[in-house]
Each structure stands twice: as C-alpha cells, then as structure tokens.
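See the structures that follow.
One chain, chain A, links the two complexes that follow: it is found with chain B in the first and with chain C in the second.
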Partner chain A sequence: MAARTEDGVARGGPIARCIVYGILMLAAAYFLLPLYVMLTTSFKTLPQIANGSLLSLPSPFSVSAWGDAWSSACTGGDCNGLHHYFWNSVAFTAPAVALSTAFGALNGYVLTKWRFKGSELIFGLLLVGTFVPFQMFLLPMARVLGIIGLDNSVAGLTLVHTVYGIAFTTLFCRNYYVAIPDELVKAARIDGASFISTFRHVILPISTPILMVCVIWQFTQIWNDFLFGVVFTSGDAHPITVALNNLVNTSSTGVKRYNVDMAGAIITALPTLLVYIVAGRYFMRGLTAGAVKG
Partner chain B sequence: MSDTTPPAGPPTRGMPVRRWLDRWLPKIALVPSGVALLVFVYGFIGWTIWLSMTTSSLLPNNTFAGLRQYEVLFQLDVWWVSVINLAIFGVLYVALCLAIGLFLAILLDQKIRAEGWLRTIYLYPLALSLVVTGVVWKWLLNPGLGLEHFVQSLGWTGFSFDWLVNPDMAIYAVVIAAVWQAAGFVTALFLAGLRGIDTSIIKAAQIDGASLPRVYLSIIIPSLRPVFFSAIILLVSLAIKSFDLVIALTGGGPGYSTWVPAIFMYDFGFNRGQIGLGAAAATLMMAAVALAMLPMLIAELKERRDGRKN
Partner chain C sequence: MAVLNIENVSKTFGETRVLEDINISMAEGEFLILVGPSGCGKSTLLNMIAGLESVSDGRITLDGRSVNDASPRERNIAMVFQFYALYPNMNVRRNIEFGLKMRGVPKAERAQTVERVARMLQIENLLDRKPAQLSGGQRQRVAIGRALARDPALFLFDEPLSNLDAKLRVEMRTELKQLHQRLGTAMVYVTHDQIEAMTLGDRIAVMHAGRVQQLGTPREIYDDPANRYVAGFIGSPAMNFIECGLTGSGGDTAVRLTGSDTETHLALPQATAAKLAEHGKTRVLMGVRPEHLVPAAEADTRRARVTCAIDVVEPTGPDTYLHTELNDAAVTARCLPSAAPNTGAHIPLAIDAERAVFFDCDTEQRIA
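What follows is the complex of A and B.
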C-alpha cells in the first residue's frame, strides 16, 4: 500500500477537524458499547441489573456470574457450565488449524513452484469451492460422518474443519508464494536440493508472515463456527458456541440471568479477542487477502 | 533420503531416482487435498443436488422425483417468509455496511492522530463469534432491561424500542447487530482502497479549484470501484449464509418472522426429517451465491483479457 507522504486530501479549519474527530469518537463508542455492557453486566448481581442502569458500573463488584458460567450454568441438557465445551473447542480447533495450515502451505508451494499440467485447473476448482455455502455440504457430510463412525465427536469436527479450511489456506499461501522469485527455487534445485528440502530450507524460512495469517484466520473461523457444531454434534460433544447458545436460549426455568449470559459470552469470545489484540495486523491481512484479491 | 540435509555437493539432477521423485512428489503432495476437494466439495455438491431431486424425507433415498421438492418448496409460506427476510436483510445489510464503511474510511483518511487505535476498535467485532454478537445484542435490545429501559430511565418515558419481540420489526433488529459486526471490516477495506489512490490527480483537481466534496464525488469514490465490488460480493455471500446470528438473537422468531433460507435448510433437513426439501433449499442458496458472483467473475475475466492486451 503506497502511503501518502503529503497531506492526503485533508484540509479545513479547526472546527471541521473537531467535527471529524467527534464523529470518529462517536463511532468508536458505538462499536465499544456492546463490549462495555457485556463486561459490566457480567460483574453485576441480578438485583443490580434489575434496578440499576444499563450503563452503570458494577457495585458491588461480583465475580460469581463468571464462576456460574464456567462451571454450573445450565446449557440445555446438563448444568455444569461451559468449561467442558470450552475444552471441546480447544480439542478440535488446535489440530484443525495445524493440519489445514500445513496442507495450505504445501499446496501453495506445489501450485506456484512445481506447476504441472492441470495444476491451474485444481487451483481454479479450489477457488470456486471457497464460495459455495456450507449448507451444500451438511446433508452428505452428516451421512459420511455417520458411516465412518465420526458423527457426534470432536474427531469428526476436526475432519470437517480441516477439509473446508484447506481451500482458504491454500489460497492465502498460493498468493504469497507466487510473489517469491522462481529463481530462488531454481537455484536450490540446481544445487541438488529435492522437492522436500527446497520446501524446508528455502520456502519455509520465509513463510512466517503467511503462516501467521493462515493460523489466525483458521483459528477465528473454526473457534467461532456454529453451523458445523450444531449440525454434526449433540450434547456432550458440542463446541462452546453451541453451548453458549443453549445457555442463553434454552434455559427455561426461573429468572433470566443476564450476568451469567454475558460472562459466558465473554468466555466464548476471549480466545479470538486475545488473538485479535495480539496479532491484529495479521488478522487484517488475512481478511484482505481473502477478500480483495483472489 | 538426503532430503533433510541442506543442498551441498555436486549436482545430482542426473540421478534417476531423484528425477523420478521430483517429478512425482509434487503431484503426490497434492493428492490428499485434491481428493478432499473432489469428494467433500464437488462430490457433495452433486450429492446435495441429487438429494433435492429425490423423494428423500427422514432418510435419504434414491427415488427420482424430478423437481417435485422444488414445487413443494415454492408452495410453503415459511420458505417465502425466509426469502423475503433475506432480501430485506441483505439489501439493508449491504447498503448500511457500505455507507458506514465508506463514511468512516473517508474521515479516517484525514490525517487522524489516533487512526491505529480507532481502526482497532472498529474492527474488533469481526473477531467475535456471531453467536456472541447475537447474545450481546439480545441483551441490549430486550425491551425490559436493555436500551429501551435505559432511554426511558433518562426521562423519555414514552420511548419504545421493542423490535426484537415485534414480528414486523425483528428482522431489522438482526440488521442492527449484523451491521455492527461487519461495518468496521468494510471501513478497513475502503481505507486500504483510499490509501492506494494516486494523489497527484487529486492535487491537480484541487489546484484547478475543485471543492473537496467534488473531488470525492467525481474522482475518489469512482476510483474505489474495485473495493465496492469485492465488498459487495463478500457481504452478499455473508448475508446469504447468515444463520448463527439469527439463531442466537431471535431463534428465528417471534414465530417464523425472522427465518432465513439457512434456518429453513437446517430445520427442514435436520429437525423435521425433510431431507429433500432441505437439499432443495441449499441448492437454491448456492444458486443465489453463484448469481451474486457472476458479475465479479465476468469483470475479472475481462480485466485479465484486457491486461494481456496491454
């Protein structure tokens, strides 16, 4: 992105600048409001929520809703909180992210540096595949998972997320490797490096940025998935997103405990939010790589 | 295998085994992904289309029924409710995201001091699960204790904001939450586009006496065409697939009032044992995405052809 060295189009007097800053701050408040309300509500007690203001700070400050959301709130069938489902999500997200990223890097390497007749066709098919709504895959996949005995399991979700993640990781890596000069690979091959050693010693050492993009993109996609989780699992094997929805929308008995709902929502959001805060720059790069240029 | 050691020694290209490996290993490496692509993407597309043309109900079967499932589908009120909801939701979602995104991007492009911070704040909702977004907005929009109650407590006691529980308005509540989630992303896309514009043309126009709004309307915004294009494609395909947010925010209700095709597909295909109808709904969703993609594909191909000419 060519940064402008001069004052872009900016002009205008101090009043105009104040208005611009005012609007931007207002927009920031709009984007932050739900996060603020989510956090403050999670630390309030129920009487405080019922009698206080939506925007007030919690006083007294109570963490009991967090404990309930983690270990005792009802999520449809059972009342053991979200902790079990949190670890479910970790259990399929970690391997699915690693596998889909590894395959993406390998595919991108072959599709750019070892082209063969038909490799462009494979890439084209892959690209088109990224746009197909997942709804097209649900009925057959449910059948196949049933036949191979992986329905309603963390292993099944790992398989599903890996398979449908490869298209995106391959796209990212292919677009990154295409910009690496072919001479680099040719030189290594003349020196006697094989297919695998060229990958290990020439390509992998310069791949860190794109691998970060893949990992972050896949992590947010897979952790946040709801559709595959709700269709392919039930009860004990649910991912955290499905459990959160059950916690909020199926608990029928008694008073609505908004503080527990909000604590549960933050617990669900925390991993991806942390990744965004720590590695936001790669997050944006992954999004634009997927969106702006195929 | 000598693969693990860095390249060293005399060239070994002549070795037959090595040549054989170099020729076939790349293809072998693509086999797992290629098979997955053929089976789990294209095979499943074919399978779902086939299911939509059978009499499958509780269990899939292979009794050919032509387009009967589609005929049944088109006679269901709840399907049309879903389609109309998607149209309302999709148009508003895309239009609002584009408007807010472009507006904020233009403001952010005025040499703003805290730009990095603001961009981070605008974009973070996209890192959240749509289920989380739905849960939070369900709390904010609930008439009893949420924003309605808050505004009333400020003194405007007649204030009413009950969209979430009002069947005629609930789909607009979904729009509010969905726009909140994606507007920052569109802002970032437009900002990247603005930064890529050649400033010399703008300078020249300003020297010629063009006013700032005029510069934006006749030079800057038209040159953002490609960004509009990719943002629209992306937002339309997101809208067609929207499922999680509606489930978490309204559960499709009140009644059927916020059903969308993705909910229809899930409910008929998995809860009601109407696999044929579910498959037909999924197939139509794919057709809709393909229709939305078509203009982009054509433009892309044209661009490529023109690029080759130059």
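What follows is the complex of A and C.
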C-alpha cells in the first residue's frame, strides 16, 4: 500500500522503488553512454581506436588529440585548430547574451508595470517572434547586414542574435514580472523613484532567477547556433560550431582522426555545460516561479 | 486652509465611468475615511490623490497647489498599501530610508530618521531583517514606518489592516488612531470595513457606484443617513428596513406595523409626521436600528409595542439579537442577554419612533 510520507508524496513499496530506480538508471546510462564514448575516444591514440573496442578505457592515456584540436588541427584552409574560432564565439556570444537579457528584462518591466495603450499588442507581436524559424530571417537579415556594413563580422552576429533573442527574453521576463505585485512599483513611485531607479533598485534585485533563465537559454541558443554563423560569416569570422564542422570534414592525411574530432566536439560543448552547472540551479526555479504563486 | 481639495473630480476608464463628480475638502490634521464596497471607486480615488492614476475631469489640490499633472514624487504624500509592498530585497532599515535616498537626503540624516521612526513604531530590533522574516503585523508596521520617514503633508492608507487577522487588526486600529493623534498630520484612509470607518474617522465619505453617497462625521452618518444605501452599509448588525403603510394625516401621520398577529399604529414625532405627510406617498420605507427595537420590558412604557414571534436567538456576549418579522420583512431586535426570550416565544417589542428614519420606497432617498 502506498503510504503518505512526510513530504506528502505517496510512494510505493521497496519492489516498486527498485523498478523505478532500475528504469531511471537504464535511462541515465543510455544518455551518458555517448558522452562516455566521446570522452574515452578523445584520450585514445589512433591505433587504439582502430583496433580496440568502442567501450574500452584509453591505454595509453594520451592528451595529444586535445592539443591538436585546440591549436593545430585543420579546419578547411588553415591548420591552427579551434582556438581562434572559440574566441570568435565568445566575442559575439557574451555581448549578445548580455544585451538580449538586458533588453528582455527592460521590455518585461515596461510591458507589465508601465502598461500603455497598445502594450498588449506589442507583446503579442513580440510573441510571434518566438515562432518565426531562423531560416525566414536569412535573406532579409543578410541584406540588412550588408547595408549597415556588418556582414561577415562578429559585430553582425552579435546584432542578429540580440535581435532574435529579444522575443524570447521578453516573454520570459514579462511572465515573471507579471507575478510581482504592482503595489511594489507604486510604492517606489510614491517614494520618489523614477522609471529607471525603480527598475534598478526594486525590480532588478529580485530578478535573479529569471535572468539566469535568460542567460542559460540565450547562451545555449547563441553558442550552439550553426545556421546564422555559416550564412553571415566566412573564413576567419566563423563561430566555433562552423569551425568544428570544418574540422571534422577536413582531413589533411586522409585518415579520419576520431580522437581529435571528439576532443573538438567536447571543447565546443564545454562552455554550455559550464553555464548549466553554474546557473542551472536557478533554471528550474525561474521557470516555475510565478506559476505557483497565484 | 484645506490640505486636500477634490473639486468635481471624475474618472473614466475607456467607456466606463468609475468616479463621478467627487467633491471633498479636507481640513488640516483631519482623519478622512473613504468607505464603500469593492468596486465603488474608493481605491481609484486614493490613487488619483497619490498621482498613480490620472484625473479625467475636475481638479485636485494639495496644500493649495493644483497637482493634476504632478507625479507622485512631486506631491508631498506618503502611502501605505494593503499588501505592504515592502521591497523584498532590502532590509527594514533600507526599506524605511528608500524614499529619503531617492530624494537625495544625506546619509546621516537618513540614519537619524530611521532611528526616530523605528523608536516610534517599536521596530528597532527588526531593522536588519528582510521583509520575508517578519510577521504580517511587523510588515505593516514597517510599511507605516516607511510612510512616516518622509514626514509628508498627507498620509494615504489603502486598506492597510485588511490583511491582518482579526485580533491584530483591532490592535493596529487603535495604534493608528494614537499615531494620528500624536502626529496631527492629515490622513486619508480607504477601507471596506464600516467598523474601521466609524472608529477611526473624523469624517467619513460613504462611497457607492462611483459617487460619494454621504460625507459627514461618524455620528451624522450613523444617526442621519442620507439614503437607504448609507443606512444599510453603516452599522452592524445592519439597520432594519420595513415597508409600511401610512395612516392619518399631517401631524397625526402614523405607520402601520403588523407583527405575528397584532397590528399597531406607531405614532411619530410631530416633525417626522409632518415631513411624511408633505412627501405625500402612502407607503414608505422605515429604517430602525436593532438597538431601537427592543423587548417592551426594557423600554419606556409609553412606546408603541407590537407582538412578534422570535425565530432565532443569537447571543453575541454583550448583546443578544432576536430575529423576527415585521410587516413580512425580516428584522433584528436587540435585548439584554439576561432577559433573552426563548426561540418561538411571542413577545412585545417596542420601537423608538424618535430614532426611526424614513426613505422613499422608489428613490431610496431620505424623507424624514
């Protein structure tokens, strides 16, 4: 019989629990296996990859593939590894994440606490922006970037990602701020705070969870983007996602270097993983806050 | 000079008119209550005084200066909200001094003010806590402290006690009244609780459907209601309304009352009778408060009496209320707990005709 436990959640007996945990562990193994293969392969030497089993541990343990992927592997024309493109990606991801999050917070604040005639319409239009697929933007955006002279540049990618991200960050922040009582803003206005100082002193300090959501979401989207990167930039200005693709598909010796490919893929994925680890505990909290508070 | 002057003020949201032709003038140091049911426009009016809502029509002046277009910052007011509206990220000290900080008051002066306010409200030991670590009553004290810090010309209260439990509400009510007596600063206080209105106010504006139904002292509102709405809204238990036919004419005009079996003619005071006769209708609505409808044994023997069957007996402690019928209308009478009859008893009730008020059955306006 399921008994009510202290936290109010009904749980089954030991057998039922074993089944549940068994299934969960299988699922975890299923999702972790590719990561395991990637990691072990990246530390193996080429002969070991060719002759050994896919699941065996690396022996001898070698980090040379990581060095190659970072600084000497060929990505199309040049053979300087991923490091240049890594910093490219950092150079447009960091400002684009910061800008789109800042604009989203400001938009959400205005759309909930300083409503004006037509603000619901504007929010509706912004919402549509979240449904528009990347591909639809490509041609008009390429034209715009050309006209304003930002084509094939890191600054151009920053602009594209900022604009595209605002629809999402606005949606997140607006839904978060809608749950904050209007009285708080009224009190600040009575206290003499202006539009901006109310935002700075009252709203922003209680926005951490939703800002974290925006940062994680935007960072993942922008860092992992391939399409905008491959369309709007070329050669030296490529982001790391495009460079990784080139690295995997270029072979200077005719031999497929799986260890270098794996190391490159992990290097590319590492920043998003880090952001999840650092900001992740706020993520679920931010997404569900407001949903439970009526 | 009037601290606050509201002249012919109206408010419309799109097509809906929420406030119509409001005229209120407030003297220095006055405690004014805006009372009414939810949706009557009282909070909107308060927000308009605060500058949080625009004025559609008319004029609001503070200290003789028209503030129609002034932002809340430019008005010398402070406000306390129903849900406290404390800044959750700041501790109590920073909450209290925030308004001063926004107005550029130097740090040393701010610290002094916080000390003074905290001492006055006895919250010195809470200064370093965050709002989430406070109880409801403590939060409301801090919210009041935040308003006090600014030393404004006018305090605005938006149902500040309605979130507290019953016992605390009564305590805070007394404290607010003491605070007002000590500060001598004018206050506008919005509530839907008629007991708060009666106990706190120097004057009360009873609002309904976007209009001020009556503006007067608590005594005037209670004893001399302008219409049936005010009469029914103020007083607990509510005033009894009994539709009656009139007999006689001129100064002899009397009302017919039927209890459980007997019919009585209730003679009225000369002035009342004359007004009713002049009004000319044969049926009127009589309003009698429960305390003026009592068992005949407790009343002056000269008063008219009518025998009624008691349906329900309700002891409340100091008083016992008796539910019965007069002219087929459910009415409540009051009696001493020691002399309470049993349910089902037929007892004579006496009506204090001096205190009865009369309304037109159709317009519900006061006749006499």
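Just so we're on the same page, the second predicted complex is superposed on the first by the 260 of 294 C-alpha atoms of A that agree within 3 Å, B and C clash if a C-alpha of one lies under 4 Å from a C-alpha of the other, contacts with A are read in each partner's own complex, and residues count from 1 in each chain.
What we mean here is this: a residue touches a chain if its C-beta (ideal position, glycine included) is under 8 Å from a C-beta of that chain, and two chains touch if they have at least 3 such contacts.
Fair warning: this is a prediction, and the values are worked out from it, not measured in the lab.
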Key: Greater chain A contact set [chain C / chain B]   = B
Inquiry  = Contacts for A:K186 in the overlay, against chain B (first) and chain C (second): which applies, first, second, both or neither?
reply    = second
Task = Pick one for A:V63: touches chain B only (first), chain C only (second), both, or neither.
result = neither
Ask   = First (chain B), second (chain C), both or neither: which does A:W114 touch?
value = first
Request  = Identify the partner contact of A:S197: answer first if only chain B is touched, second if only chain C is, both if each is, neither if none is.
outcome  = both
Inquiry  = Contact-wise, after the overlay, does A:F131 reach chain B, chain C, both or neither (first, second, both, neither)?
reply    = first
Request  = Identify the partner contact of A:C79: answer first if only chain B is touched, second if only chain C is, both if each is, neither if none is.
outcome  = neither
Task = Give one of first, second, both or neither to describe whether A:P205 is in contact with chain B, with chain C, with both, or with none.
result = second
Ask   = Looking at the overlay, what does A:V248 touch: chain B (first), chain C (second), both, or neither?
value = first
Message = Tell me the contact category for A:A265 with respect to chain B and chain C: first, second, both or neither.
response = first
Query = chain A residues touched by both chain B and chain C?
reply = 188-194, 197, 201
Key: Parts of chain C lying in touch with chain A, wherever the complex brings them together   = 47, 50-52, 71-73, 77-79, 81-90, 98-99, 102-103, 146, 150
Message = Per the contact definition, I'd like the list of chain A residues that touch chain B in the complex.
response = 1-4, 6-12, 17, 20-21, 23-24, 27-28, 30-35, 37-38, 41, 49-50, 53-55, 103, 106-107, 109-111, 114, 116, 119, 122, 125-126, 129, 131-143, 163-164, 166-167, 170, 188-197, 200-201, 220, 223-224, 226-227, 230-231, 241-242, 244-245, 248-249, 258, 261-262, 264-265, 268-269, 272-273, 275-277, 280, 283-284, 287-288, 291-294
Key: Footprint of chain C on chain A - complex, ascending   = 181, 183-184, 186-194, 197, 201-202, 205-206
Query = Which of the residues in chain B end up touching chain A in this complex?
reply = 1-13, 18, 21-22, 25-27, 29-30, 32-34, 36-37, 40-45, 47-48, 51, 60, 100, 104, 107-112, 118, 120-140, 145-147, 149-150, 153, 180, 183-185, 188-189, 192, 195-196, 199, 202-203, 206, 212, 215-216, 220, 226-227, 230-231, 234, 237, 240-241, 243-244, 247-248, 251, 262, 265-266, 269-270, 275, 278-279, 281-283, 285-286, 289-290, 293, 300
